């Protein structure tokens, strides 16, 4: 495997005395789908938010595409080719589906903002091209009829798809998916799995996937990283990792113990 | 040195009056997240109610105080319906606009009914004075700091040791969680507004023996109160108390050793600095900005 | 909305162009003031309505524009056409300065900082005597003769001439606002308003978006301020108290913040309506206060926002609950 | 939506266009005169007091049979102490109400902006309380369109300063003034003249309107041991300062500005008002016969004695009405001519005995201010 697209080492994050992430690290290779799993409160979401730059790490290094991005804010990381979805759906609620996609494409638009404000022809043509691309992608995600619809008028499942399309339209090198299957019906989960695989296969997007649904993880991931209490307790192919007694202990053992205490 | 002590005492008196107005505002702001620009009008109406009760109807002091409290509670009840319940599910800034509208309406209602001329409450106390070493204060002024201490102390105790007080504090922390814990949000909101209005009304009544009351008096009062609330950290009565005294003393010292013209400017500069560099307030613990 | 907005704009344009031929000086004066407020409210709407950054300092910027004109006229001897760009630039820079706190503060904290700034600007205008002339303010020459390279173009003497200048300026500013909000920049402003975290996550420079919104917003007020200073032939601090800021906020809110036409119609309505109170003039402010409370409680999205919302829910009903049905689920 | 918005806009445009015809509907049975005053906003307290004087003058005129056999009717506009609004208000009064003259307004800055417009229309303005010199200085000498039947603030400042130095024999003077135009100009004038007359200015403080606490400033002034303290500003603040001065033990000769001595002031300041002096345009105990009659009639009508702001509203209005009567028709230019040249015989309530509306070439009537002193809780004229 060539150099990883993303490599994270020795990350520490504390919240008011509680250590959420304690020296964990992970990497995602080019074209790889890496799962990040762990029981509730294991630090997955914190990790993801530090990878994408929403939250600064207390220590640790983040390298993206060979470049140190530790000090960069979220928007600079996005401009380097990192897209993300959110655990709690996040869309620009008052805008149309198409405009939501358009905004994610702003970063790769070549014409200056001022040309756009002045309504210069090159800027208009560029925007038209992006709109065409957005419609094409929406078709890909079965959302074509809703392009002009306000995004909040769509169902939760459709909104999830908009989030994915929003990530894809930016042509990212890495797409960080934070629990994309949450709240989806089983048939939709199947569709999601197929879509994510196509995203990697057709667009060559590497994927870091945080997921609770083990079926999604098993079907999609080349490799899985398991976090528990902020440290990495296992790493490897999904089949191997799910058999690992340490992982089983972390998930089931503690869960069982917790239930017994209650 | 003697002079410095006198300046300090003046600052404490003025600061105490700021505290009295600001504690109610900080409750409404901190617990319900309502920015209440009509708070100065609560003060103004408290002053008018007190003067009318004691001068026009010749009621004794405790009865006048009861009238002020009753009028203030009614106001609080109405204001809660408009500014809190009426604005559920709206963004934070709606309360600013609505309460500004309420302030304009109340000011002009008073202007139309009571006339524009300033009013003053006359008491026998005005002719007595208190001397503490080099410090000399007329009685109505000297009474403000102890009254402030009693009121803020009682409020603090109530917040700490009564069920309602704990509900209020729980609401300030997290409304949904408080609701789940059995706090009746609606009731707490009404109580907060009535309490805030009464504190402001009583302050207006007490102050009307020292300063004058006129329909527009609330404008400056509310700005000063907001300065105090922000410096003190919102939702913190003790913070407001400390910040109010601080502002009073700083203004007094500015007036004494710099120039009186800068008195009002200092407070606003302080607010901008505090919000930029220590948004939780000088005396507040860190707050989550969501 | 765009089509409706264009039609409304066209009707307004016809009305405003016809006005000087139909109306007397008083009515024309009212409409000219309305045009000034249109510029102020449309400008405020850029920062507040589109970008979600609340400001109670529009009156201060209005004043800074006016005082820039006054100070330049006094110290440099420039006329309206030089003062106008200067006023816009200077006020824009002040807008940039106000934008800085907005990078750290949100919601009512930001609102309170803008109130503090508004009050400080007023106190500054009153107390910095040597620069601002204190309470007396400054005299500003009328626009007068306009020349280009020594060639006399036209002369602004009467109210009618002034009205035309105001109308052209308002039209230009409204057009600029239209371009801004329908450009990539405007879309990014809305993105910041809707969800700042998400805006950052898709790579938008939210700092840039917020600062440009504040600069644009202030620059509009600066332009209106310069025109007002030359029209009134003077500036005094009392004309730029927080009261004016609140008035502009009210116009924007009543019309509908974040809609394009709302603030325009709000500014026109709230300038004209008080002129019609007649016998009720004594209760004018009382009515205004009550109106504001009612408007915010009953229709917080403003008149146009309300209409838009009604249309959306009607469309939704007409399209037969389409959003609730997920075609992928049907096909699965 | 499209239909709706179109209809909305049409309705609005329609309303805007219909306005003039609605407003132009003239009432035939009365003679209209105009007043423009700050009835809301920062100067509304003063505006309402002036308005009382205006209304009283009209009441008297109507009791005496009105003008041209018709009752006088007041068209009143609120200028909100804002120049932009003031200019609009002037146009409205002239175009929609066809008034031949306007009494107004209080803030001098608004007067300057509004008078430019009223002059274009050929309608004179009579001051509604504006005392700043800028108001009359903007007039073309010989052809004034803004008339103020009392001396400007410089005259008041001069008389005050002379009283401080001569009547009260003060050497060390402390100055306190509000940051309004009125307070600032008065204080500057008093400062200049007291210094010229050999007095020493020991301190100079400004305060912002609405400030309620002066105790620290007054404590500091106490240490300077001034022989007199001058207060430039409006009555409410003056009363507060005098009361708080007593509270901090600052006992000296207080001298205030024009509108301060009134029954309200005595009521508000209480015993601390004893000895307080002002240079004033009007006093109910005036030796001026017209003024005395006005004071008595006013008190009978309203139950409280007349203050300066009532008196000046009254004088400006009755001068205007008389000028209108002499002009013979409701025409602004004719009224201006009469005001400019034909009113020298008309007695006014303000000023010393025998003061008349004898405007000078820049539209001001100059007379010596009274020095009024509060003695035993009563207003008395010093040396009168």
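For clarity, chains are labelled A, B, C and D in written order, and residue numbers in each chain start from 1.
Methods note: a contact is a pair of C-beta atoms (placed from the backbone, for glycine too) under 8 Å apart; a residue touches a chain by one contact, two chains touch by 3 or more.
Predicted, not measured: the structure shown is a model, and the values here were computed from it.
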Remaining chains grouped by touching, chain C not included: A | B, D
item: Chain occupying the most central position, where position means C-alpha average; value: C
item: Relative to chain B, chain with the most remote C-alpha centre; value: A
item: Centroid spacing, where centroids are CA-atom means, of chain B and chain C in whole angstrom; value: 33
item: Centre-to-centre distance between chain D and chain B (centres being mean Cα positions), rounded to whole Å; value: 35
item: CA centroid of chain A to CA centroid of chain D, Å; value: 71
item: Chain centre separation (chain A, chain C; CA means) in Å; value: 40
item: Two or more partner chains touched - positions in chain C; value: 123, 127, 282, 285
item: Of all residues in chain A, the ones touching two or more other chains; value: none
item: Chain B residues counted as touching two or more neighbouring chains; value: 108, 111, 261, 264
item: Complete list of chain pairs which touch one another; value: A-C, B-C, B-D, C-D
item: Residues of chain B that touch chain D when the two form their complex; value: 3, 6-7, 10-11, 13-14, 17, 108, 111, 115-118, 120, 122, 126-127, 129, 136-138, 141, 207, 211-212, 214, 216-217, 219-220, 251-253, 255-256, 259-261, 263-264
item: List of chain D residues in touch with chain C within their complex; value: 1-2, 4-6, 8-10, 12-13, 15-17, 19-20, 22, 39-42, 76-78, 80-85, 87-88, 91-92, 94-96, 107-109, 112-113, 116, 121, 132, 134, 179-181, 184-185, 206, 208
item: Chain B partner contacts - residues on chain C that touch it in the complex; value: 54, 56, 101, 104-109, 111-113, 115-117, 119-120, 123, 127, 246, 249-250, 253, 282-283, 285-286, 288-293, 295-297, 300
item: Residues of chain C that touch chain D when the two form their complex; value: 1, 3-4, 7-8, 11-12, 15, 22-27, 29-31, 33, 36, 123, 126-127, 134-137, 228, 232-234, 236, 238-239, 241, 243-244, 261, 265, 268-269, 272, 275-276, 281-282, 284-285, 303-304, 307-308, 310-311
item: Chain C residues within the chain A interface of the complex; value: 179-180, 183-185, 187-188, 190-191, 194-195, 197-206, 258, 312, 316, 323-329, 332
